[in-house]
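The first chain written gets the first letter, and so on, giving A, B, C, D and E; residue counts start at 1 in each chain.
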Amino acid sequence: MKSRIVLSILVLLTVVLASCTPAAPAQKEIKVAILAPLSGPVPTFGVMTRDGALAAIDEWNAKGGVLGMKIVPIVEDSQCTPDPAVNAANKVIDQDKVHYIVGEVCSKASIPVSEIANAKGVVQISPTSTNPDVTVGSDGKVKPYIFRACFIDPFQGQVGAKFAMENLGAKTAFIMLDQANDYVKGLAEFFEKSFTEMGGTIVGKESYTATDTDFSAILAKIAEAKPDVVYLPDYYNIVNLVTKQAKEKGITSPFIGGDGWDSSDLDTAAADGGYFTNHYSPEDPRPEVQNFVKAFGEKYKDEQGNPKVPDALATLAYDATNLLLTAIQQAGADDPAKVKDAMAGITYNGVSGKITFDPNHNPVKSATILKVTEGKVKFEAVVNP
Amino acid sequence: MQKVSSQPSPVIHEPKASLAWIGQLFLVAVALLALYLVVSNLIKNPILFTQFVVSGLQLGFVYAMIALGYTMVYGIVKLINFAHGDVFMVGAFVSFYAVSRFNLHKWPETAFPGISEGLAVVIGSITVMLLSMIVCVMMAVTIERVAYKPLRDAPRIAALITAIGVSFFLEFFGALNFVFSPRFIPYDRPFEVVAWYIKDGIHRITEGQAPPDNSVTFSNIFIIIVLASILVQFFLQFLVRSTKIGIAMRATSFDKPAARLMGIEVDRVISFTFAVGAAFAGLGGVLYAIAYSSIYTQLGILPGLKAFVAAVLGGIGSIPGAFVGALIMGQAEALTMGYISTPMRDAVAFTILIIVLLVRPTGIFGEPEKEKA
Amino acid sequence: MEIGFLLISIIKIVAIIAYLYGLFWAMGHSSKWVKIGGVVLGFAIIQAALSVPIGGSTILNNFDSGLLFQACTMAMVALGLNLIYGFNGQFSLGQWGFYGIGAYTAADITFRWVNGDASGLFVVGIGVILGGIVIWLVGGFLRKYRRVPVLSSFTLYLVGSIIAGAVALFIGKSIAQGLVGMLGTAASPGPLNSPIAMQIVFFLAIVFAGIFAAEISFLFGLPVLSLGSDYFGIATLGFTIVVNVLMVNSDTILPFPEMKGGRGMIGIPKLTTWFWAFLFLLAVIVIMRNIIRSSHGRAILSVREDETAARAMGIDIASTKLFAFVLGSLFAGLGGAVYAHYIGFLSPGTFTFLVGFNPMIIVVFGGLGSMTGTVAASFGWIFFLEGLLRVLLSQMGTEAPTWRFVLYPIALLLLMLLRPQGLLGNIEWGFLKVALVKRTELAQEASETAASG
Amino acid sequence: MLLEVNNLDVFYGAIHALQGISFNIQKGEIVTLIGANGAGKSTTLRTISGLIRPRNGSIIYKGQDITTVAAEQIVRMGISHVPEGRKIFAPLTVKENLRMGAYTRNDPEEIKASMERVYTSFPRLRERENQLGGTLSGGEQQMLATGRGLMSRPELLLLDEPSMGLSPILVQEIFNIIKEINSQGTSILLVEQNAQMALSIAHRAYVLETGRIALEGDAREVSNNPQVKAVYLGI
Amino acid sequence: MSTSEVKKNSSPVLRIEGLNKYFGGLRAVNDFSLEIPEGRIYGLIGPNGAGKTTVFNMVTGLYHPSSGEIDFMGENIVGLEPHEITRMGIGRTFQNIRIFPNLSVLDNVCIAYHPHAGYGVFDAVFRNPKFGEKEKELTERALDFLSIFKLDSICNETAKNLPYGEQRRLEIARALATNPKLLLLDEPAAGMNPGEIVRLMEYIHFIRERFDLTILLIEHQMRVVMGICEWITVMDFGEVIARGTPKDIQTNPRVIEAYLGKEASHVA
């Protein structure tokens, strides 16, 4: 008897469920999903990415939106981990019916999301996922709906090697890398490749893990090896730790890194004398750069009320969102199929430079080399691809 | 630990287990391999080896401070307090706010303008440490009251799950913008780092100048950590051996009902144990932040886990055990990082743990299990 | 914003729990036809909801199906853990490591297959069979001796397994060499790469991956299970961490360039359908229930209840613990294999030890020693954390999603404080209940005969 | 009246361990509870000292209802319980064990004096002052447990099986000390399996049988009761 | 089966010789010897802490003796695992009842049948006819067993909810279900009232006859010991201080001194 009641409830619920299927969302607005790791191992990356993207959306909305439609951001926590990222992507695509996704930050989350987005015909632009597999499938074909706003690994690694060899005259280099972080690993791999191809020697290659805080074992080896440069293409948190400990151990070899160094939280005293490849220089007088830094600082304050300084993540998220919205504007319709074509042929002047996309949907832009000196990050050189 | 044995142990003729030699052979092979790795590298480059040992010591002494809290809490309530590592994190953050936001370490100079610089730094730093310890203590006691005490009679696993919950909460609540923010924050030290190298005597390293080849370097932070950790160890030994509350802690951890019959307020003693552990974690957090000078809300997870493993290795519940276990862990990690490869560090650490437990099921200093019924 | 979504999320949780109740009720029915009908209907309802469009969209969209697949794999892993911890009393945090092993093994088999390399299937397949034979032989050899120290038996098993692995590698590679032509490449698939062949390979891959995880767990569990409960817990946590380290270095320390280490393995065919997920979940549930409700299950329970008394009943507790541990790991391996082919991308980030607490949380949520609780909690947990909470918070502005992992531990704490024994305690539903009726009948019969005789 | 127990009902899960027990202790008396294993003797003591909550009934100590007072408070009120199996703190030294006995007291001088008194009563403990409790022999452990119980200067001492596992000479010694403690003014509630021994020093006795009081009266009367003889000696 | 079938076998069921056990430096059992002929109800008595339970634990394999020999049915069992010893035919109960608290009464007994369940894991998983048959047989046997102990009416009750006396009975029933030749009872009468004790004694006699058992018994209750034991060994401080019939023991001055106390010896 009891079970029959339960069964009928089951049937009833199914019916209710069926009837509750949401109606198509109201028009007159464009939904843009932002997938960012707001929890998980690196919440700070998520927060900065979200803030950068929201800054762009706010600017557009202030100007009257895109195609006369208001832009509605939908923020989802994707944890920099495949499962939650996939759930977030499925949710925004199927539940919220979005056609455009900005995100994810980490490649390991962006790759599974890109497969879903591409299959569903949703335009995805990842601000910071550097793994080539994000835009190119395992079959070697480019995914038509997937783009990115950042350099891919080979580019920065190559630029770093070129700079070390030509500008710093380095003959020997030591590489430090985190095997678990594909960004770091990719840069390190291509640095090694280019550097040896150009005739340099890698005198040591040591890996650490993201949760390490004590690098003395590796630093002791660096002290032993006395390389001309140390390539450390990780994020600023690791850079802060390593360079500080290196200073304390009296290591004088300069450190070279990638755009992960770009942050207001970079410990400029410790990293003093280091170089890194980046998309732009904050000293750059271009209005795009100056306006963005100002607008971002006005919109976001840190816990003390001081204006926040955008880092590479915020900048790239800002650019990625702008690229997307410009592409929609150019396509002239809220239609992902048209937007993706517009995007592929876009030329856009962003904070991180003048951007066009190559056939693999990677941005073509020049890299800037910055030097950390006297507590500031100074422009050093421009290297073109 | 005092060892008192009234009568000499008699000769025991345990019947020999069959095929035991296979396992012993295996152990000997593993030990020989490890020994070969260590000794060959020691001979190859004794200076580099010493350098690794020094960094292993620094790591080990930090672990020791956290491990004490784990071991005491486990000893008294048999709870793996996963939130302990996060208390450690809060300690680091409190000191960060005290130093970079409120300049607390500068108060002696403001209050007594004529004070000598060295003394001011010492007093200021100690104030910061005390503040962190106090905040950690208050937090740990609150956690204990809210999350653990109501579950004292529930299955042990329930308390463990709430411990994991508290740990998540502290990490992600701390990561909210208006709390600690999710950023990786560079930490301003309350005092300057001074490093030395040893080669024909001890010399100071000046900035931008590499120490000569074949020298061992160390810094004042290393010395402070070692001293603080040893001091904490002695303090705890004193507390547990010679004070009323310390003896009560041991009595409570041994037998709660009997302790209650003595009039010992068991709940208060448990809270006190949490408080002491948290105070050391807070101190450890400050020293850790000073040493590595970068903080974020998840920094406690891994040191916490390592410290717990160290406590288990040394024999959980035993204070000297936690200390020795932590030092072993530190050395194992540093030498693995130096000679095998960094990622294999955890594998080596856990292999050592498992082998030690197989040979001594309750850890190095653990008391043997009680007689079965 | 749209309260409808929120309402639907809640309805979905209720509906899925009701669905499970109905399914177990039907499976527990005495009539064979109701049983079969219930299972078929249980499969069909969801299959229909997933694929038949009503008014332009299906009842369950991709988001729901994703959650459903994750819940299924999580239920398999959690059931395995419940067997180890809830029923056998061994506090294990290693489940996540076996889950990872299962995922990577199965993924490697199918990945190689679609890329024209049969060695994955053959090496693993022959390896698990040889491994099983070796374990059986060594076990037989060891039974001849009294009190063999655990370290000695471990060494023998280890040496045997390594030899078996080497032999399997050799044979498997040679067989695979001969099949290259039949397989073709990803671009031009050969006859053995047809969709139907793929399904068979997929099935074999899942089974082999599960057995592989089980055999690893045998080797690892043998020495480690002799440690005390909490020590066992910390050692298994170490196992999860070490497995994760190996995943990160799968292309440097281990010789698997296709797994790409920390960059993540791409190109795994997405073969998991509702049919497979349902089939394997059901298989795990049925196997586990049948074992729990048998003499072997009683032996497992007795070890949890009182080890000393169990020994005095003639129960070999060492092998009983090992049996439960291996079986639990088998389930985790199966779950991992199903998961890998659902998501199509594996990254070591999925298998870190912090995430590894999830199965433990689910098992405690559902109630230790309650299969129903574990299954219901797996579904409820995913649909709450990834479903409801996500939907709720994303509608509350751009700042709210950062609160997801603040609200989750609070919910965790409250639940533990209010119901420390878990949501369902030790209640079981339908099929999973003991057949009390039959026993009472037997008892009556017995007493009647006693009275008359 | 020092202690009055009325209609005590105690359950362990479904087991009805004490079924309406009533008895009393006058000031200066030695009262003994005797009975078989599992009759509820220890349960009675544990209920009085607050380790177990009774379901029904009341415990009145010096006119005050202490039925629901916590164990650690009851010690402060002057009831000291020396538990069955001694329950000394094995990892603590003899001295520390005694120190814990005086946990409720704060004056170091007085504590020292009490410790001196215990050492005088049990000279063996003084010899083993710095030895770990767990390494003592059974008799020494019993002395320690009793001494520890006295450290809180109780008015009522609850002794649970002080003769358990001791050789006859030691049992004699322990009982002499119990007598002596009593003569100094401490009332004693003694639970014993060694009934004859207990009856020989007690003033009054209660015989417990499966949670009920089967017999009560003057110690001499009880010891001459043929039923008691049968139970304990199998004669 | 009946007593007439008891084989007049000259070799004892259990023979212990020179048994020693040390815990750390503490000597728990010292040069202990014992021989139990088939079919006997044998008492092992002594004050608490005399080492009786330690002897039990060594016989059942929970402890490994420091030295000495234990032969069961002429076979050396030192070094065997407890479950192997149980399967050879030594059953036991525990001083403080050790039933499986959260399992039903029936399951408690069924566990004892596990070594002879007669079906493998695969039979259980696939629920083949063999499983059904064996499981039914096993359940019936268990119920028969329970009916002997008058526990069949509560066979679905969770064991921890039983009253004390029934838990004791269950424990004995469970030990008997392992089909032992030698049954070790550790203080079976503890916590029983006189009525229950009388019934227990009847049970012990009854099960000896019914299951063709040899019984070794630790007991404090003199009434039980004197009432049913045919031969008694008295232990004190790990050593044997007396052996003999109940009559001898009752009058042995060393026993009276050790066990009943000096004072008591006058009374007795």
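In the analysis below, a contact is a pair of C-beta atoms (placed from the backbone, for glycine too) under 8 Å apart; a residue touches a chain by one contact, two chains touch by 3 or more.
On a predicted model such as this, the values are computed, not experimentally measured, just so you know.
Listed here as common contacts of subunit C and subunit D: B, E. In terms of C-beta pairs in contact, the better-connected of the chain pairs A-C and A-B is A-C.
Centroids of subunit B and subunit D (each the mean of its C-alpha atoms) stand 43 Å apart. Rounded to whole angstrom units, the spacing between the C-alpha centres of subunit C and subunit E is 42.
The mean-CA centres of subunit A and subunit E are about 72 angstrom from one another, to the nearest whole unit. If you average the Cα atoms of subunit B and of subunit C, the two centres end up 35 Å apart. For subunit C, the set of residues touching two or more other chains reads 146-147, 248-249, 308, 402, 405.
Along subunit E, residues 62, 64, 79, 94, 98 each make contact with two or more other chains.
Shared interface positions of subunit B, i.e. residues touching 2 or more other chains, are given as 5-6, 15, 17, 172, 175, 177, 301, 341, 343, 372-373. The touching residues of subunit C, counted against subunit A in their complex, run 2, 4-5, 7-8, 11-12, 14-15, 18-19, 21-22, 25, 45, 49, 54-57, 59, 61-64, 66-67, 70, 186-187, 248-249, 252, 261-264, 266-267, 343-350, 355, 386, 390-391, 393-394, 398, 400-402, 404-405, 430.
Contact residues on subunit E toward subunit D in their complex (touch as defined above): 47-50, 160-164, 187, 189-194, 196, 220-227, 236-237, 250, 257-258, 260-264, 267-268. Across the complex, subunit B meets subunit D through its residues 2, 4-6, 244, 247-248, 250-251, 254-255, 257-266, 367.
Within the complex formed with subunit C, the subunit A residues making contact are 3, 6-7, 9-10, 13-14, 16-18, 20-22, 24, 34, 38-41, 43, 46-47, 50, 54, 73-77, 80-84, 86-88, 90-96, 106-108, 111-112, 115-116, 120, 131, 133, 137-139, 178-182, 185-186, 209.
Note for the complex: subunit E touches subunit C at residues 60-62, 64, 79-84, 86-87, 91-92, 94, 98-103, 106-107, 110-115, 117, 119, 121, 124-127, 131, 135-136, 138-140, 143-144, 147, 152-153, 155-156, 174-175, 178.
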